[in-house]
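Down below are the structures I want you to see.
Okay, so chain A shows up in both of these, paired with chain B first and chain C after.
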Partner chain A sequence: MLNLQPYQNPTYFGYLAVALLPIMIGILYGRRFRWYETLVTLAFLVLTFGGDKWWQGLMLICYIIYEMILTFGYFNYRKKKNSGVIFVLAVILSILPLVIVKITPAIDAGKESIIGFLGISYLTFKTVGMIMEIRDGIIKELGLWETLHFLLFFPTISSGPIDRFRRFKKDYDAVPERDKYLSLLEKGVHYIFLGFLYKFLLAYFWGSYLLPIVRIHALGHGGISWWLVAYTYVYSMDLFFDFAGYSLFAVGTSYIMGYETPMNFNQPFKSKNIKDFWNRWHMTLSFWFRDYIYMRLVFFMMKNKLVKSRIAMANIGYLTLFLIMGFWHGVTWYYIVYGIFHACAIIINDAWLRFKKKHRKLIPSNKFTEYFATFLTFNVVCFSFLIFSGFLNELFFMNK
Partner chain B sequence: MKDTVLDILEDLTGSNEVKKDLDVNLFETGLLDSMATVQLLLELQTQLGVDVPVSEFERSEWDTPNKIIAKVENN
Partner chain C sequence: MKKKLFLIFGPLVLAAVLLAVVLVTPFNFTKPDSEEIHEASLSQSNNIFKGTAVKKAAFEQNYVPFMGSSELSRMDAFHPASMALRYHRDYQPFLLGAAGSQSLTQFWGMQGVNNELKNKKVVFIISPQWFVKQGINPAAFSMYYSNLEAVTWLRQANNSKMDRYAAQRLLKIQKNHSDSFLKDCIEQIANGKKLSATQKTYLDLKYNQLTHEDQFFSTLSLKNRVKKIKKASKKLPAKEDNAELESLATKLGEKATTNNDFGISNKFWNRELKDKYKRLKGEQSNFDYVSSPEFGDFQLVLNQFAENNNDVLFIIPPVNEKWSNYTGLSKSMLRQFDKKVTYQLREQGFNNILDLSNDGGKPYFMQDTIHLGWHGWLTVDKSVKPFLDGKDKVNKNNNYKINNYFYSDQWQKAEGQELNNIIK
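And then the complex of A and B:
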């Protein structure tokens, strides 16, 4: 049976264009054909999780049933009671499948867990977010179909961007006005074509053409070399254009369906400091971590007066956030070091900002210092991507 | 109510900008960060009894002094 991974080849885009056409016509005439959206979703899920990937598909179904029972169970509980213990338990249970999937390769010689499937992380972010908002009493109604549509929204199922339930539901319940939809349509098509440029031209050039050449030379030379420096920047370019390209496809497709899925990238290499970088890079992930981990943790510490100093509190928050992000990428030393590296970078950045505020008169601020800040941030970020790439592991520990 | 909110904001941002321009974007200008936001929510709770859970806090709805005042008054 046919199997197509999202946004990988022309056939997929061909099917996409045909499938989206009735949705477009419907919205232009002020209608959402729910049953048709459901049908298209199912068809694309079968394309991605069918054929030789059928086991993943089965695991996806099991996962969805499990998380739905958990979410609706917690929702019904929360209507009557609100115990912190039950909330923590619900969160632990909802991340449990992901934790198993992430830990299995680390303890079982690199073997993939049998319960894993493409996109399990992104589904987990969505579910945990829902549970937290149910706890806060913000999600007051929960329907079966809308929840399923939210979780299984096919344009973003494999790698995000991570949407939020209440935002998604607003689009799900409404049909955009014709003028608004026309501008969404225009943007959506533009994003998809920009995605072609990013993913099939630029990412291809950096990742499939240049990266293997640089890699061979760096490995051949061994240790630290100019080839390793080249690898750092070539890899960073590939990472950005590949992921940003994919995200543009996902957002563009969503727009055409009348859903304003949030953007994932906003010119990250222009960032003037690390904090700015995380407001521009993989934004839906960093905002998820900011809102559901950092802010909640700081709120908890502040309310219960666990830590006196505000600075210490912020730093504990950063370390927790980036350590979890590191582990989420995978249980390997380089992902965890990547997390710690960014935590340190942002802690130093905060300290510098405090210092700058105090000594404003002593520190020059002009076009040159601005360019320098951007340049420095860019290099720090690229170095962190070198850690992230795992290439150092290959170079130092597996290169014989 | 309005003055209390503005006092809290002035205190948190360390700048009287928030009183001069009630439509200044607090996040884009860097006046408010996540840390200060959490403090804002706690201050609103203790000083005004307004309970805003962290997840209710959608940045685009809270990014100027005027919007915050409106939110607090509607609560």
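And then the complex of A and C:
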């Protein structure tokens, strides 16, 4: 049976265009055909998780049932009581499948867990976010269909961007005004075409054309070489254009469906420092970590007076955030080092900013220092991507 | 609203229509010029291999397909392309194949250009190393396989043993088909069924699209070896003289093989073997080239040659004897391989065979462990030149007798006494 991965090839976009046409016409005339949206969602899920990927599809269904029971169970509980223990339990249970999927390869010689499927991480982010907002009392109503639609929203199912339930529900309940929708359409089409440029031209050039050449040379040379330096930058470009291209497709498609899924990238290589970088790179992920892990942890420490110094508190927050992010990418030394590296970078960055504030007169600030800051940040980031790529592992520990 | 919608989707629709027109219309847009063809003929690029535009244009000129694999990239002074250039032969080799290409690759590579290959002469280099137990590696196969080859083949495929077998092999080796429609067609051929009218129309349109893509893109970013071959050929004496060539081959071989005892080129030794040759001692003692699905794939190639009425010079290169003694590669196994493959050839009327399998011990015959070099290429030239130079390039009448037995599992696996029983 036919199986297509999201945004994989022209055929997918062909199907997408045909499927979206009735939705577009509907919205232009002030209507949302909800049953049709459900149908399209199902069709595209079958396209991605059917055929020889049917096992993944089955696991997706099991996962969704499990998480729905958990979320609705907690929601009903929360209406009556608010115990911290139950909340923590609910969060742990909701991330349990993801934890199993991430740990299995590390303890079972690289084998994939049988309960895994494409996009499990992103679904977990969405559910955990919901459970936390239920605890906070921000989510007051929870409907079955809208929750399912939110979780299984097909344009973003495989790799985000990570939307928030309340934001999604706002679009779900409303039909955009014609003028507003026309400008969404315009942006949507523009994003998809920018995505073509990113993913099928630039990412192809960096990733499929240059990267293998550079890789072979770096491996052939072994150890530290100029080829390794080249690998660092080529890989970074590939990573950006590939992921940013994909995200543009997801956002563009959402817009055409009348959903304003948040953007994932905002010219990250222009960042002036590491903090700035995380506000521009894989934004929905870093904002998720900021809101649901960092802020909550810092708040928890403050409330319980665990740590006195604000600086120490922030630093502990960063370390926790980036360590978890590292583990989330996968349980391998390089993802974890990548996390620690970014935590250190952001801690140093904060220290430098404090130092700069104190000694404002001593430190020059002009166009040149600004360019230099961008240049430095870019290189630090690219180096972190080299760690992230796992190539060092291949080069140092598996070469020959 | 209409204006805005037109501004958003107008350019998109226009672009889509233009693209469709450009790709699907049956007109040809570009033709490679002679410089491009020359560059492509030496490039061993897989885009050229997978494509048809350049090959078609080349075979209309004086290019002769040299089908093989990695040995074709051993471009020393005596390489067929260098010899042809230096001595102004009236043919030019078109190198088809590179590392990883095997019989099945060559069979599919021919599919786009069978019409142009009709009655042509071909040089085919058989590597014993192809004939391993698992046959061709699927990853290597997919590097040289394209939908264009499959579509061209499907448009004229019928219920012959060759087409069914080719389809079955393709389905087995190439697991991921980018076009599920094509896969259905291939499955039908494999099961001996006819294609429907819809499928045929689809194939016709797809053929136009892929041909145009090939015309536009296959010559982009070719490996340019023209200079390399020019430089190599400059080393040859200006006048073709056998004795002089022989002594030059010895001299160049001697100079290039100084850092090891196996007569392997210094470059190859340093890059591939220096660090690990100690581990490789005796390592090939249980290598087996006698029982392999490759014999069935090779039969596809022979079958296609017969269909095309090609006049083919087959070359069976040796292995470096010093090296194979060191690694323990079995001599009797190699002799059996040689016997088996020559039987398959001669039984079906392919009698033009240059069997070099006993020459692996001659000095400077091999450039490294398994690839022809100096004297090796020179010996090849002694058969290639009389086969091609100044000769009619058209095959008048060859009486090939294709025997489908050679597709059978029994033949592919036959070795030892069983093989002897079949042959005698």
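Please note the rule applied: the second predicted complex is superposed on the first by the 400 of 400 C-alpha atoms of A that agree within 3 Å, B and C clash if a C-alpha of one lies under 4 Å from a C-alpha of the other, contacts with A are read in each partner's own complex, and residues count from 1 in each chain.
Methods note: contacts are C-beta pairs under 8 Å (C-beta built on N, C-alpha and C of every residue); 3 or more make two chains touch, one makes a residue touch a chain.
Keep in mind that what you see is a predicted model, and the values were worked out from it rather than measured.
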| item | value |
| --- | --- |
| Partner chain(s) touched by A:Asn9 [first = chain B, second = chain C, both, neither] | second |
| Chain B versus chain C as contact partner of A:Ile86, first or second or both or neither | neither |
| Contacts of A:Arg178 with chain B and chain C, given as first, second, both or neither | second |
| Which of chain B and chain C A:Val307 touches, first, second, both or neither | neither |
| Contacts of A:Leu28 with chain B and chain C, given as first, second, both or neither | second |
| Which of chain B and chain C A:Val189 touches, first, second, both or neither | second |
| Partner chain(s) touched by A:Val99 [first = chain B, second = chain C, both, neither] | neither |
| Winner by number of chain A residues touched, once chain B and chain C are compared | B |
| Touching partner for A:Ala43 - first (chain B), second (chain C), both, neither | neither |
| Chain B and chain C contact sites that coincide on chain A, given as residue numbers | none |
| Chain A - residues contacting chain B, complex | 132-133, 136-138, 275, 290-292, 294-296, 298-299, 302-303, 310, 313-314, 317 |
| Of chain B, residues touching chain A in the complex | 33-35, 37-39, 41-42, 53-57 |
| Chain A residues touching chain C - in the complex, by the definition given at the top | 2, 9, 28, 178, 182, 185-186, 189, 193, 220, 400 |
| Complex contacts: residues of chain C adjacent to chain A | 1, 4-5, 7-9, 12, 178, 180, 271, 275-276 |
